[in-house]
Every structure is written in structure tokens, then in C-alpha cells.
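Chains: A, B and C, in written order; residue numbering restarts at 1 for each.
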């Protein structure tokens, strides 16, 4: 029996799915015997934590700066020297002293780090993470390259939102885990797919609109059964997804052979991530690979988006 | 007299996207935010013919990759630095800024330059559409040289190119790459009287109208537009080249669209940074210099070639180019051969 | 090592063995570690994995060990290639998530603090020649054991230090713990190794840690100990916020302000955020009520005491192991049922370490007597490991025998020492007696001396008659004679304690009363001056031996010189026989005087004795062969002599007097 759980309403709603078939409301006494629980939840920005934002790159107009246009209380931000161009050339050496000073003085533990050029080369983000975790023990650090989107400001926004959601997502996962001890938990992603509890804690942003996505999926699967309460459809919809992970990168490759090699690396990472997201190891498979050459840039720069899926164990 | 103030900016920006390719979301949003922060009360828009005929006009454009712009943010002084460099070279102050083309960022960056310099923006542009090369303009067709050309990079670099017109692109490309993939270029310095002769006129005003909520998309196409097909993208391939020897800024690729209704034709779109040729079941149905673009069925935005993905529902549209592109000189500069396809 | 190596000695080393007692000692290991390691590969980029052979220990360096998903990707590639394990430098940001992935994939992940290249070289050497590595370990143990000298504690200290990941306990011949690590040793009833124990399931996160450290709950598994919020609609009301300090989950506050799983259960009944039963689609929308109210408290496989329904308030103090909520807790419960008398800590440790017995070696004294057993337990993560452990345990037998011999020699030379030890053991069971440590030491010494400390025992007492044989031999303490008695008893009865009781010497033995009485008869004969001995009843254990000693005392008291009396066979006859007839005869005569004065032929005395013995005139008449009326007539005459036979005191005095007077002198 798999449990679908919809959170966010007045009370959690749970439905049971037996042998892939919708089996109506879950018997709460049997709930803890479930093989797995799939949770559909829309994360509320209201519970967002203030974030220490570190951007690695050059100076820019204030309107393009980190946290520009964000509501008050979103956190504190700095720009430190460093980063890479899209061709992988270092723009400047990373100013680790500035990173250290900011981390020590910001008074926050949730960090979002975005380096110029990190979809191509994440070295500076990783180096910042190392400095921050040494300076702030227990810091939770989101690195923007994990979200992969080209576009520094958008990627930075993702990293900030993910970092801000971290504490609330952790509490949420704690709470569901406490209610369903011993039951493996999955959370519905915003688009399609599920992620493991562990993955959810690390990348809550992936599940920002998990309930909305599950609701649509559930309604589609239940057909025109009128009168299905929204949370029921969402809870059922959550059980219909499978572990999924995505990696987006900009890669540089001269020639087919090199492209195949770098694609293999990206596939390796997405397969690893989908297993981390809860896929049974043997079932993880690449679902989709999108490779587009980047316009107006030298030959051999590609935007790569790889999706992997697997069966829940 | 027209001006682009805060309210007009939104319409101008919206209009600039209607047929714009190469407009990655990030760089467009960035240029939009940037423009909003600098235009103040408004940037006056003038006809070239209204200026003192001898006044210096300078074309301003983004050179390079919008992806790079979205990644490596501007310092903010690039447009001004590029124009000032050209002014120093020429010993004359620029009296107006004109766009090279009016697609997304390329409409907004001249506006930012004009605001920074405190000069008007000319109501018109150099293509009536977008071409990948700096020299593919009506200015070139009118005998104006892109050089001397000044480039300002995001790390504070400044480069002045002075060369024969047909060498500009060759020199420009590696320089832009070494600047990180993008730069602001100030080029085609010319007198207002020359500009009035070679510009595709009125296109800024056109976009301000086309960007008004409720206006039809076709309002942005001064010379007409047609729908080639509606369909679903089947495949995106890195094509193996087309036999030509032209060194273009990026790998060509090929997009296969299955027509959803009607004849259910298979449409192959050949792209060199942008789509230059459409083949329906093997027969050429549209080609440069007309502009071929894919509009996403959901959202209505132009789908960039490098964002095309199998499964997307798109409408393939053909925007007719200005008549000057269909002259012999125009076809040579902006036709298929210019993209290395020997048809 | 001259003896032939046992089977498994040359089996490939496993990852766990490398971590437990090899070049990876001190590293943090996630996963079972049961894979054999055949070779080592240094990997600096993932592409190298394509050529990694099965059973390879992969050492990550450079970019392959760099942050992000590098370590996780290596773990997955290792899984694809059936590698033995992945060894990565510690401190990377991905340690937490690597751990989760390693467990999911069943690939062991080891984080080392030192230079990975140095580690690689050492692991390669151990993998290439497993028997050499094991021989080296055994040789090192031999050296350390020799240095430890004849001390049970130090010997066990060496064993536990040199065999990490394995608990070695020294149990006495009753199965009770004497020294070493109090961990998963078999329950008191001795069992063959392995039987009745859960096989060595790797206890999961934290298994590579020392025995005393709390189990580190991994991400997700530590959830039980985290603050629990009141429900999705009540998150704001939770005062905890404690989870903000957690990183990937492993470091969450262990004792946060939580009300525990069961607390959540009890709270659920009142909170609005209950699991809500929902109507079937299309149904009339009737609610079946709040399901959560019926849901019991969170399951606690460990059977922790604090988790009854509604026991939320108490559950905050639950040990972290129980909070792990997974297999670890469940095993703890199993162990607990096997040995209910064992403490909670011991259970927990057993659960933590996996309770399989790896090797067991009998320890015999130099006289061939069984001192006890060395029991090594832990997870058998390598085919070779039990053989190594057995070899090392074998090395410890000789020092333990030497320890016993030394203790015995000391005791035999010092009556007072062993007597004090015996007194200590007698008092140890009493509640309120201070000095637990001294008790433990006494028990340890008792094992060395071979004394019985558990199970049925029988007390005895040896009582001398008259004056000591030699002048001055008693001394102020009678030390010489006491030592003599100890020597005689030890020689004849065996390794038992001898302590002073009044004039005599007492002790206890595991022999049954009959056999003990036989042995004591030989002691009585061997003692230089006349002695008698008493043997108490057999009692269940040392705590009841005081009772047995009282009987022995009584027996010795009634026994005549040269005899042995068993308290369990002692009746009125023995008691009466023990009366000092000579001393009492005169007073008896005084008491009987009025009767004897009128009793010409002795018939009155004979009749009185018969009546008192038989308890009535009818039976007395039968015994005497006279008519009942004759007895009645004679009793009348006795009463006439002034005796009130209805008075119990008079009857007792008369009965005693009769007995003494009629008994042969």
C-alpha cells in the first residue's frame, strides 16, 4: 500500500493506493504500514528564512544586484570578486577573504551562493561553500549551479528561494516523518516526478508547487469523477509520480567525441541524483537529453538538460 | 514628440519581443530592469530627418551572446563607454543613438545608451528584423561602414576596431569572445542625413504600438507576416553543416516540426543561430532574408533556437523583410547564401 | 605463529576489516563494509571508473573528490562497477548526502582524515597480502599481550583495543562478565557461537564508531529526536525551531524540545491537524472521523519503556538508539528479550554493535581447571576475521592462566587476603553495601582463584577441639593454624575460600553436601589436632550461603571430634546427642531426685521416659509391654512425688533429665 498525502489544507488528507489503484481514504491505523508515502505540498514563501546571499562576480548597477527588488527581511547580500566567463576563463581570482568576512559577520546560517559562469564551471561556488562551512559550522549552503539555469540573476533567485525554504522544509519533513515513522517519504516535484525526503530537504525548491502539480495529475488520472475534493486529487496525484531528477549545464566540447564524453558526465550526475532522489538504483534511467548549441558563442558550447527517472523502491 | 518614459518602456519592451529571437529570458529581463532604472522621465524619440543633417548618429547594439549577458552582468557603463570611445576617435559628440535592430535587448540597450548620454533615440533601425552579423544591415546596403567600431566589455575593457567594412565581423567575433561573450558595440557612425537615407524608419513607434496590450502580433511586422504551420517539435539536431565554408558564430542546427493539422507536413527548420530556411516535406517554403521564427503555443513567446526542445508546440511564422533586403544587394548580404546555404 | 592457520586466514580483507583493524582505522564508514577488497584504484576523474574492476577499493582524489555531487557520483559508479568501497577525504560538503546514497546503493563509503594517497598505498598493501596483514595484527597483539602481563583487565584492554569493531569479554565459567567490553556476549546459558543471535547485521550509520559513543543517526533516521511541530496548520506555534541548527540531518539536536513520537500521538487527538479521513470520490462526502485520534503512538521497535500510549512526556529521555526508529532499535529489543536481566545500556550496545559471536576460546588455569571463556562478538564482515579473532583470543589464554596462577599463589600465601576477599563476596549481594568497584574486583579475583561464585553452593565449617597442638601456634590471629587449615581444605576440597568463623574455619564449595562431607572427613583426619566438621544445606547461590553456613555451624557443633555432620541430615537425635552429657548429668540428678527416691526398681523412670518419648500413656504401655492401667498407676505415683506433668516446662526438664540419666554415659 502506498500512501498519498496532501498537506496545506486545514488538515492533512491521506489516500491509499493498492496495486496502483486508487483505494480511497487511507485507514490511519494502517498508514504506518505503508510501503511509502508520497507527499503533495505547496511550500509557503511565508515561512521563508532570511538568507545570506553571496554573489561571485563583478560590480553591476544596483538594480541588478543580489536581493534587489526582494522584500525586506529576505536576508543580506554581498558581491565578491571572482567567477568565470561562459568560455570557462576565470574573470578574477576568488576573493576568499571577502567570503570569509561576510560569512562570519552575516549572522545567518542559510546561504545561497551564485558564481558568474557556474553552469560551465562551478569551482568558485564550491570554493565559497568550503570557506563558508569552515567559517559557519552547520551552515546550510545552496549552490546555484545545482539548479543549472543559465542567467545569473534567475539562478541566484532559485538559490535564494531554495535556501530560504530549507528550514521550513526541514520542519515539514520532520513532522511528516514523525507521523509516519519508518515509512519512506517522497515529495512531489513542481513539474513531474517525486524526490526522496533527503532530496527534498536539500532541494525544497524542486517541490515548491508540489501540491498544484499533484492536483493536476490526480484530476487527470481520476477522470471526470466530479466532486473529488482538491486535496484528495492532490494526494492521489502525488502517488502517480516517480522519482525524477534534472541537471542543466552549459558544456564545452570540441567535436562529437568530446561532446559524448561530457554528456556522459552529465548523465552520470543526473543518474546519481535520481537515485539520491529515491529511485531504485537499478531502475534509474535517462528519460530525456536535450542538447542545444548556444547562439553567438564559439563552436562547442552547448546547453544541456538531462532528465532521469526511476522507480520508487 | 514621442518619448519613451516608464509607461512607454513597458510597451516598447513587449513589442520588442514579438518576433525577437536570441532573446533569452534572463538577458531580456536584465536589460528591461536596467532600462527602467536609467530612463528617468523618458528618452525622446526623434526621426533622423528631424535632426541637424550633419549631426553624428551612432548605432548601438549588443554584440555577442545574450546568454553571456545574462550570465556575466554589465557594470552599467558599457553603452556610454562604447559611444564615448567612438566620439573620442571621431572628435565629435554623438547627437543621437540609433538601434542596429529592435529585437529584445537590442531595442533596450540603445535606449539605455541614449538615456546615459542624454541624447534622443532615433525612430528606426538598421534591419527591420534581426540578422546575426553586425554588417547585415540596411546601413551596409546604403554604403555606411560599421567601422570604426568601439566595444565595451563587462570587465571594463574597451576595444576600438578600425578596418575595412567586410572585415568587421571577422575581427569583432574573437574580440567579443575574449571579452566574455558579449559587449556593447557603438558602430556605424554617420551623419543624420545619411541615417535618414539608410534607416528602416518608424520601427520604434511601430513597436510602441505593437506592444500595447491587445494589439495583434502582426502589428510588429511592418512588411507583413504569415503563419507557415502549427505543429510539434519532433527533434532538434546539431546539423552537420551545409557544405558552405562560412564561419558563423555557432554550430548550425536543424529543427524538425510535425504539422499538427492540414497536410501534416514535416517542416525542417535550418538554423544558424536563427532560422534561415524552412523546408516543408523537402521543399523550401520560406528563407532569409525573411525572418522565420517559432512562437510557443503556450505563452506566445518566440522560441529561441537553443531552447527548442522536442515536444514543444509551436507556430512557425514568417516575417517579411524590408524591400531593400529583397534587392540583389540585400539578398547577397542577408539571403540564404549569406548563411552558407547554396540554394 | 607456528600452528597452521585456520580456514579463512587468507581470505581477502573486507572494507570493514580495514576500518576495524587495518589501515583505515579511525575512518568513518557508512554501509556494511562486507565487500572483499582485492585491489585499490586511485581515481581523479570519473572517466577512470570505466576500467575499475569488481572488488576494488576506489580512492578518490582531486576533482573526483571535490564538492558537489562528485562523491555521490563516484558512489554510483562504484555500484555500477561492483567496486568494494569508495574512500574519500573527509570534510567535504557532500558527506551527509553521500552517506544516504551509499546506504541506498549498498556501497560502503569511507571518509578518511589523512592523505588519501597514503591511505591508498596502505590499503593496497593490506589487500594484496591479506594473510600478511592479519599475521601482522596477530603479532602486534602478541607483543601487546606480553607487555600487559598477568592481569585480566589489562589483557582484555589489549584485546579490545587491538580488535576494534569487535567486543571481547571474559566470562567466568558461569557465563558472568568478569572483564572486557560488556557487549553482546551470550546470555548466561552458554551457547555455541552464533546460535540464538541475530547475524551480524551492520547497524548502519555510526557503526564504525567506538563503543561508547552515541549512535549517530543519519539523515532521516534521526528524525525521532527532532522537534516535532504540531501539524501543518500549527507550525508557527512550535517553539522548537531546533531543526535550524541541523545540517543534513545527522547533526540535529539529540534532545530537542520535543514531545516524542508518542507525544505526537497523544497530541494528535486534540490537534486540528489530524489525518483526516476523506470521502471516496463521488461519494456523499460523509466523513468517517478523525483518523489520527485512533492512531497509536509512534512505533518503537526497541521496546523502550517510555513509549506507551500517552507516554509522551517521558519519551524525551529515550536513548538516541531507539530514536533511530529503524533496524537498530529492533535488534536492541531482541537482545533485550534474550537477556532480560541485562541492563539497558548493555542491550543498547549489543544492538549497536551487532551481536554475533565471532570466536570463543576456553580459558583454563595451569591446573587444567576452567576459569572461563573469552567471547568476541561483533559483525563478521570478513571470512578471515573470525579466524584472526580466534587466533588473538588464543594468544590471551596463557596470560590469563598466568594471572590466575599468580592470584592463587598470592592467596595461598596470605590467609587474611583470601579471607577478606571471601567476606567481600559474601557481603556483595547485600543491598546498600558500598563499593561496587571493590565487588567487581573481588569477583574478578574469585575467578582467578577458581572459587565458585554462582549457582548452587554448600557451606561448611571446620571446628577444632581442645587446645592448639603446638604452643604459640595460635598467635594473636592464629595465623599459622588458619593457613594450615586453608592449605588442607584447598588440597582436599579444591579451590574454595576459607574464612574464620568463631573458633573454626568456614567456606563454601560447589560440591553437593554428600561429596563435600566425604572430602571434609579427609580434612578432619588431616588436621593436626582433633576437629569436627559441619556441612550446610545446598543453597541456590552465594547470596544464600549465609543460611547454609548457619547449618554447617550447627552441624559442626553437634559433631563429635573426627566426625562430619550434614545439617540436612541432622534430626533430634543428633541434637540431643550433642548435649554435653557429662556436665548436665549432675543437675539432672537433682531434678529427678524426688522421683528416684521413690523409684526402687527404676520402673518409674522407665515409664516416665516412655510416656514423654511416645507422647501418651497408651503408646508407652505398648512400648513397655505392660497394661495401660499400670502406666496410669505409675504416673499417679510420679505426680505424688511432686511433678506437675501438665506443665510444659516441667515436662521438658523431666524429658531432658530422663534422657541424660538413661543414656549410656
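Assume a residue touches a chain if its C-beta (ideal position, glycine included) is under 8 Å from a C-beta of that chain, and two chains touch if they have at least 3 such contacts.
Since the model is a prediction, treat every value here as computed from it, not as a measurement.
S.K.: Report which of A-C and A-B is connected by more C-beta pairs in contact.
M.R.: Taking the two pairs in turn, the one with more contacts turns out to be A-C.
S.K.: Which chain is in the middle, if each chain's centre is the mean of its C-alpha atoms?
M.R.: Located nearest the centre of all protein C-alpha atoms is chain A.
S.K.: Can you work out the whole-Å distance between the CA centroids of chain B and chain C?
M.R.: From the centre of chain B to the centre of chain C is 86 Å.
S.K.: Quick check: how many Å separate the C-alpha centres of chain A and chain C?
M.R.: Using C-alpha averages as centres, the distance is 52 Å.
S.K.: Rounded to a whole Å, what is the gap between the Cα centroids of chain A and chain B?
M.R.: Measuring from centre to centre gives 35 Å for this pair.
S.K.: Hunt down the residues of chain A that sit against at least two other chains at once, touch-wise.
M.R.: In chain A, no residue touches two or more other chains.
S.K.: Using the touch definition up top, name the residues of chain B that touch chain A in the complex.
M.R.: Contacts found on chain B: 22, 24-27, 29-30, 33-34, 36-38, 64-68, 70-76, 132, 154-155, 177, 180-181, 236, 238, 249-251, 253, 273-274, 304-310.
S.K.: Quick one: which bits of chain A touch chain C in the complex? Just the residue numbers, please.
M.R.: For this pair, the touching residues of chain A are 7-8, 10-15, 22, 24-29, 31-32, 41, 47, 49, 109, 122, 126, 129-130, 133, 138-141, 143, 145-146, 167-168, 170-175, 177-179, 181-182, 196-198, 201-202, 222, 225-229, 231-232, 235, 261, 265, 268-269, 271-273, 275-276, 281, 313.
S.K.: Per the contact definition, I'd like the list of chain C residues that touch chain A in the complex.
M.R.: 46-47, 66-69, 72-73, 75-77, 79, 93, 97, 100-101, 104-105, 219-220, 223-224, 226-229, 231-233, 235, 238, 241, 243-249, 251, 261, 264, 268, 272-282, 285, 288, 290-292, 294-296, 298-299, 325-326
S.K.: Please output the residues of chain A touching chain B within their complex, sorted ascending.
M.R.: That would be residues 57-64, 69, 83, 85-87, 89, 91, 116-117, 119, 149-154, 250, 290-301, 303, 305 of chain A.
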